[in-house]
Each structure stands twice: as structure tokens, then as C-alpha cells.
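Should a chain be cited, it is by its letter among A, B, C, D and E, assigned in written order, with residues numbered from 1 in that chain.
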Amino acid sequence: MNRSKAQPLIALLLSDLKRARRHGGQSLLPLVFLFSVVAMIPLGIGPGPNLLQAIAPGMIWVAALLSGLLALDGLFKSDFDDGTLEQWWVGDQPVIRLVLVRLGSHWLITALPVIVLTPVAAQMLYLPNAALGLLMLTLLIGTPILSLVGGLASALTLGTRQGGALLGLLIFPLIVPVLIFSTGAVSAFLDGLPVRPYLLLLVALLVLALSLVPLATAAALRLNIE
Amino acid sequence: MNRSKAQPLIALLLSDLKRARRHGGQSLLPLVFLFSVVAMIPLGIGPGPNLLQAIAPGMIWVAALLSGLLALDGLFKSDFDDGTLEQWWVGDQPVIRLVLVRLGSHWLITALPVIVLTPVAAQMLYLPNAALGLLMLTLLIGTPILSLVGGLASALTLGTRQGGALLGLLIFPLIVPVLIFSTGAVSAFLDGLPVRPYLLLLVALLVLALSLVPLATAAALRLNIE
Amino acid sequence: MWTQIKLAFHKLGSPLIFYRFAQTLIPWLWGLTLITLAAGLYQALFVVPPDYQQGDSYRILYIHVPAAWQAMATYIVMTILATITLIWRIRTAEIMAMTAAPIGAAFTLICLVTGAIWGRPMWGTYWAWDARLTSMLVLLFVYLGIMGLYAAFDDRRQGARIASILILVGVVNIPIIHFSVEWWTTLHQGSTINLFGPSTMDASMLPPLIWMTVAVKLMFGALLLQRARNELLDQDQRKKWVLEALRMGGHDS
Amino acid sequence: MKPYLTANQVSFHRHSEAVFQPIDLELYPATICVVTGANGSGKTTLLRTLAGVLRASEGELTRDASIAFIGHRAGVKDDLSCIENLVFMQRFYPKQANRHPLTPHQALKQAGLGPYIRRLAGHLSAGQRRRLALAKLLVAPADVWLLDEPYTSLDTHACQWVDELLDGHLSDQGAAIVTAHQRQPSLARTLHRLEVVAGARAA
Amino acid sequence: MKPYLTANQVSFHRHSEAVFQPIDLELYPATICVVTGANGSGKTTLLRTLAGVLRASEGELTRDASIAFIGHRAGVKDDLSCIENLVFMQRFYPKQANRHPLTPHQALKQAGLGPYIRRLAGHLSAGQRRRLALAKLLVAPADVWLLDEPYTSLDTHACQWVDELLDGHLSDQGAAIVTAHQRQPSLARTLHRLEVVAGARAA
């Protein structure tokens, strides 16, 4: 990819990140979210270390999931409403790449902060240090899948102005396996069982999503613009 | 309140509900959400009945909370964007009542379905039947507080185009007490302790919210329109 | 009559008058802060005897408690300022309410950190999800929310008014913090110091606490006036009164 | 006859600076006032102040009439159909005893939207949307119309329709304040004029 | 000379009905074409088809030029300031070897937005927003301009500015297709005209 082709992509990425920052640190939200969930769970279920440790990976994953989900609504919507989305098809821009960049910025804004601060959250939930590395690895492989699938769902529901509703319906069936394998890996580790099968499955899912989803998302966006 | 004063309120309520239905059943989302969480938690933390029962009230509460949260983004935003919100101040409409109606429809759309289906979810998480009634009572008192506080937060952040970011930061501190008291009540019940103090506190919070928040919300909306 | 009161209010809120007021008061406040702080720290570290149970670790109390009180007092001051902001729209009140938030957040943070450090030897853990600790954490979030909301608006006056609404709503948390030890069974100890009756704390431990509390109050006053003054100058950079005020300041020195 | 609307040295401040220079205005029944001014001079802000959406920062404003305000943003719900939008508007705005509303159907016909009754407002063309917004004046009539660039996006035919609407409204003891850049109301009546000038800083 | 854009019996179908009657068009360098038609006749749809946003359902469309399209919705980000918007646009659209862009600063000055460089686009007045959208033509120049009612919300001064822009563009071997209702480009050049007629059902 030569320089002139990369420039629009860089421009899009920079403006996405700038707008996220302008919005009072949109990447603050996932963190607030993470810690609120982490803080609320013990309040809800009582502060026993054993119980907390058991549910820690699940909780951190749910927090990551939700922080990504909350940001999905605006992923293409604001561009759609203000007329910048249709500009993607004016001339012959590589729309799939634009989609990938947008999803990348979604991941950077919502998932990365959660991953970076997972060690702190894990500490608060008494997760053993040894399991922490594995948990972060699953997050690193799994959250991009969330961004990809979420992006597809939000592209599909764009024109119907349905915001969250259908979105949830579409996302969950695709997301549940990721969650199962990820938390499964951590429990397996804690129980002393092998974790490689889980990780391989996750990687396979990621490769699959990465190769199929951007194409489908671009097509869905185009359909909605008509 | 005579008939002619009530009519705008009824009109607003009906159109809110109709638009929610049009959006592919906005009240479907919370349910999907509830059951996804309820289904995912055991996957994440393993299916021990004792563990599940301990976390059941917390989980159902978190689901209710999140379903309300996901719908908050559009609570006043779309009206703000399309110019219908400023119409609330044209002439001398009773804006506080309009705010209350809007919050009411938010509650009907997001909270009521969750409450109605809580018995099923409780069953899935092995919650004793005796505790179920109490859980539903806390939901009945607590979820309106969520709607009120959420509405306030979304009114405060309206002009900032921050969607979720600040929202989370603003909501959680005000919501956490509700969560503590509600789940606290259920745990107290399960432990054979008295639950009245918790319920009284919840009711007190509700009364407080009901008397303060609509006023604050109307004021915040007005300031944002300027 | 009413208009006269209103007029007086607005005069008090005039930027130039506020600037002069702050300018004269700030050095005094800092001076007194240093004196009381020195007295308090000296007594706390060298005069009061070690506790028979806790040894020396309890001395952190002399930071923890004044900070906790100031965190709450700051919020109450902000509540008053926010009320003035919303009713009379006085600009200096807006600015003071907003500049107080980070100070309050800082004291809250100090309270949380010292509490956590103290908790380790006392309760065997840095943190627990009990009512007082949680409600204090909530206070921190409320402060952060106020700061975030204010920062999110392009028009600072609009931001200040909207954040003021949040201040008024958030004040509900203050009694919760204070009474949490009575309403719930908590790890945190209950009130031992009573302004209007006999305290359950040993009398010999009290004086440094009073000194430190006064010092922290004075420090808050100095910080608040200083920050508000700077914010005012910053916002009005190009206004006539600023040039005037700065010119006069120049003559003084 | 009492004026519907009186403004006495009214202005609105943002960032503690006046957006437009203070305005004096008395709007009597059966009169129309055309507001002109460069882009950004504060016409929209003035109309929003007169409508009560913004609070005048200075001066005195008295209103003694029912008011309808149609701004740049149409105030139309994209996810409701044309007819649903009008039904909502009819119910939402308090009914005025001295005014006679049309039914939503009649109003849509008049606006030339007859064939699109069930189309979602979000699927209308720009001009059709504007017509729908203006149709509100028929289903929820008010004494004073505050119209911010009503001719935007309208074709010749629809522009004439707006002129007719205004004429009928004035004959009916109504009053109107209309901002306009390119096309101005062409009526067989005196148009009062008001030039808005930007406040100190913006100038 | 080759035409920049050739349309041969092009039409766009929605719900399997033609939105507008098939269009023939050859757009040569240094020519301007004014598209007229009633509200809802399909002008916007036509422009979007020519721009490549919609795919022509029938007929043949060839493009041999860089294209800039400015629609009803301005394509401006409300949460970026004026200058940030233009910087983004400059970077986002591929640079054309044969065209010479202005810097965002210069473009804002030209558009009369000099004093508002750092203001958020969401806080601009309607006309100022439109000017910002049009300034894109200066920072990201293209051979063919497709402008959907560019004069909307603009005051007299800004309308003249648009005319000058168009004139300069045509002198520079550019071409333009412009829809218009009330005000039409007033240039010392021949304006080609194209009347859009609604498709079968809508008529």
C-alpha cells in the first residue's frame, strides 16, 4: 500500500481518536465501566475472596464486552446522520479498508484500556497472578472479534434506526462462543487442565472474523445508504 | 389535571411507545440481555447451584441496570437532534411533566419487561422462590430510580455529544447505593435477617429521586438547549 | 429591598472586586496555614504518646480525618455556590464552585489513600467493600463527574451551570457518608469525636487533630481563592478589568 | 388592539457577549415581520428567544398569544410516517379556542404530500420534509408563527403555497415573523422589516 | 476532449420503480449543468447516483475524473472545530495531481469563517455550516463538483462567493452539476440545463 492510499486511512484513524478524546475521553468510559462492574459485583454478591476469584474472569470479560457494546451505537450512526458516511463511496476509496480502520479505532478506544487495566481489576477480585497473563491473552485475541462482530451488527441495523434492539439479538449468538472459550481457558488453567485447545479455537475464530466480517460490513453499509 | 393539559402528555407517551416498538422492539433488548447474562454467567463461572444462587440477585440487577443504560443514549438525544426537544419550551408546556412522561416510557420499555421475566431468570439461577418476591419488589422500587438518575445523566451530557462516556461516570456513583440496598435486602433475607431497613431506604431513595430529579432534568435540558 | 439585595450580591460577584479581595486574602491564608500546620504536625509526631493498641501507626489519623472532613466540607461549600450559580447566575460563584471540585477530589483521594494505608495494619486489608469506604469512593466519582461535565462544555458558563445541577443532586451522598457507620455494620469505626458533647477519644489525642483540621480548612480557603482567581484571569484575558487589575498590581510591587 | 408580542431592548448573551444587538419589536395581529441579516448575525437566536426556547439575557419580552416555531431543524420525527408525525403534533400542542385546525389528512393534501401519507419522514426528500414541518401550522394553529427560513429547499410551487399560508394566516388575525435570505414572502401586504446585526465581539 | 462524466439512460430504482425518468448527460470540462425539478422529483437521487453513492439500476455511467459531492446533509462533523474539519477533509480525499488545494486556513478565510476557526462545527449557524461544507471544495479540489442546492441558507454575500467559486472552477477546466430551486448560479457563461422528472409511480 503506497503512501497516498494510506493517507485517507490515517486521516480517519486520527480523527476517530481525536473525536473520542474530545468526548471527555471516550476511552474513560470502558474503564469507569470496568471498575463499576468490578466494584458492584462484590457489593451485589458479598465480598468473599473465593467467590470473587471464581467469577473474576467472567466479570472482566463481561465488562470488556459491555464497554464495547455501549460504543457500538455511534460506530457508523453519527457518520450516517451527518452525511460523511456516504462520502466513503464517492470516487473509488477502498471502503473495506475504511471499515477496518473504523473497527480498529473502536478496539483501541474501548478494548485496549480495559486490557491495560485488567491487572488492577484482577487484583481487586483476588485473581491469582499466574492466571492473569492468560486472561489478558484471551482478551487480546477475543476483543477484536467483539469489535468485528459488533461492527457488522451495527452496520446491519443502521438504516432501520433501531439502535440497540436488533443489535443485541445479532451480536449475542456470535459472541457467546468467544466468551465461553475465553473464560473456559482461564478456568481450565486454574484447574490445571491444558489451555491450548481453547486458545487455538479463539485464534481460529479471530481469523475467520477478520477475513469475512469487513467485507460483509462494507456491503451492509452500502445497502443502508441506498 | 384537566383533560386538555393531559393530552400532550398522552400524545408523548403513545408516540414514545410506538417508536420503541417500531425499532424492532426496543424492549426486546433488555430481555435478550437478561438471558444472555443469565446464560453466560454460568458458562463463565461454572454451574454450581450454590454459587449461582449467591450471585443471582446481583446478576439480575446488573441486567436490569444495563438494559436501562443501553437505552439512555437516545433518551433525549434524538429529540435534541431533530429539533423536537426545543419545542418543549415553546409556549408554556409543563416541561417537568413531559420529562416525567419520557422517563416513564423509558421505564416501561426497559425495566418492566425485565421485571416481568425475572421469575424465569431466577429459576435458571436456582434462586429460592421465597426470595423471588422480595427481589421483584426491590426491582419494582429500584428500577424507577435507575430511570430517573439515568435520565438526569443523559440530560446533563446532552450538549456534549459524549454519548456514553460521561454518562457512565455520572450514573454509577448515583446508582451504586440502589444496587447495594436491593441486593443487600435479598442477601439479608437469605441469611434470615430483617429486610425492612433496606426496603425503607430504597423507598426513601425513590421518593428523594422522584422529587428532585425531574426538576433537575428539566433544568439541565433547558441549559443544554441554550 | 429585594433588588437591593440582588444588587449587593452582584457587586460581590464583580470580577474586579473579587480579584482584589482574593489578592489581599491569599497571602494571609497561606501564612496561617503554615503556622497551624507546623503546630499540628509537631504535636502529632512528637507530643502525643503512642497508642496503647496501635503503636505509632495511628498517627496517620491526623491526616486521614482532617482530609475526610474537608472532602465533605468542600462539597457542602460547592453546594452553596452551585445554588447561587443557578439562582443568581453570578459568575464568581460559578467559577469558585468549579475550581473547588478538583480540591475536593484531592482531599477525597488523600482520605482514601491514608485510610487504605491505615487499613492494612488495622483490618488486615487495604480495601473492603463496606458502606463508608464505598460511599467515600462514590464521592470521588461524583467529584470526577463534576469535573468531567464542566470540562466537556465548550462554553464554560454553560458547563458551570449544568455541572451545578449535578452538584445539587450529588449532595445526597454526604449524609450517607456521614451516617453510614450508623446505618450499616461496617469495618470502619463509628464517630468518636463529637463537637457538641463528650468525645470518646482520649483528650490528649485531640489538640493536634484540631490544629490539623484548622490548617486544612485554611489551606482549602487559600487554594480555592487562588485557583478561582487564576481561572477568572484566564477566562477574561482580554477584558478591560484584567488589564486594569494587572496594571494596579504592577504599581504595588 | 394589544400586540401579540413585545420585545424591549431584548438580547441574548453567549460566553457573556451579546449575540445580536438589542432588538425592539411590537408584533400586532395581522402583521408580518421579515427578519434579515448576514449569516451568523443572530436571526435564529432571535427567533428562539422570541419563541421562549432561550431566555432573553437582557431586556423585556412579553408574549400574549399562542406561538408556533419552526426552526432550521424541522422538528419532524424520522421514524414516524408523515401522518403519524402530524397526528402527534396535533395532539401535542394545546388546542387554541380561537383557531380552527385541519385534520392531518387535509393538511398533508394541502402540503402536496398526499401520495406519501404512510412514508417514513426519514425517507422524504429535503423539500418534502420541509413541507411536512410546515404542515404543522395547519394541524396545530397558533396566533404567532415564527418561521426560520421557511422557503429552504422548497420548489416554486411550494414557495407559493407558503405565501398563501401566510396570507390566509394574516387575514385570520394571525401574525408572523419570518427570516429569509434568498426568497422573501411575496404578499400583497406591507412587510415590516427587521435587520439583525451581530453583537459586539462577532462584528 | 473527453467528457468527465457520461450518463446514458441512467436511472435509479427503489422498490423496483424508477425514482426519476432515465437521464442522458455528457459533462465536458469547463461546463456547468443546472438540474431543476419539483420537490421529490429525484434530483438528489440523481446526484448521488452520479457521485457513485448509489449504483445506477439501469443505463450506463462512466466517470473519468475526480469527484466531489456535497449533499443536503453537509458532511461536516459537529464535534470537530472548523479547522479540524477541513484538515480532515484535506487528508481524507486523495490528492489530485492536476489540482491545487488551498490550506485549511486560506479556505476558511475565503469562506468568511476566519473568526470561527476554532469554533465547533456544531455551534455554527446554518449558513456558516454550509460555508464550511463548501470550503471542502477548496482544500480537496476535484474535477467535477456535484452540488446539491449549494445556495441553501446562504446570505447574498455568500451566494456571490459560490458563484465566484464556480466561475473559477470552470476557468480551471473543472465541471459542475448543481441543483437549485430558488437561486440559480449567475455566471457569465452558458448554463446547461437538465430537468429531472419523477419516475412513473410518483408522478
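Keep this in mind: contacts are C-beta pairs under 8 Å (C-beta built on N, C-alpha and C of every residue); 3 or more make two chains touch, one makes a residue touch a chain.
Computed from a predicted model, the values in this text were never measured in an experiment.
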Between C-D and B-C, the pair joined by more C-beta contacts: B-C
Farthest chain relative to subunit E (centres taken as mean CA coordinates): C
Relative to subunit A, chain with the most remote C-alpha centre: D
Centre-of-Cα separation between subunit E and subunit B, whole angstrom: 45
For subunit C paired with subunit D, centre-to-centre distance based on mean C-alpha positions, whole Å: 49
Interchain centroid distance [CA atoms averaged], subunit D/subunit E, Å: 29
Whole-Å gap between the CA centroids of subunit A and subunit B: 25
Where subunit D touches two or more other chains at once, by residue number: 14, 72, 78-79
In subunit C, residues with contacts to at least two other chains: 134, 141, 148, 152
Overlap residues in subunit B, where contacts from two or more other chains coincide: 23, 81, 160-162, 166, 169, 172, 176, 180, 226
Interface residues, subunit B side, partner subunit D - complex: 4-5, 7-8, 10-12, 15, 18-19, 22-23, 81-84, 86-87, 89-93, 225-226
Subunit B partner contacts - residues on subunit A that touch it in the complex: 23-26, 28-29, 32-33, 36-37, 39-41, 43-46, 51, 54-55, 57-59, 61-62, 66, 69-71, 73-74, 81, 157, 160-169, 172, 176, 179-180, 183-184, 187
Contact set on subunit D toward subunit B in their complex: 14, 48, 51-55, 66-69, 71-80, 84, 88, 91-95, 142
Subunit E to subunit D touching residues, read off their complex: 37-40, 44, 72, 112, 115-116, 124-128, 131, 149, 151-159, 181-183, 202
Partner subunit C, residues of subunit D touching it in the complex: 14-16
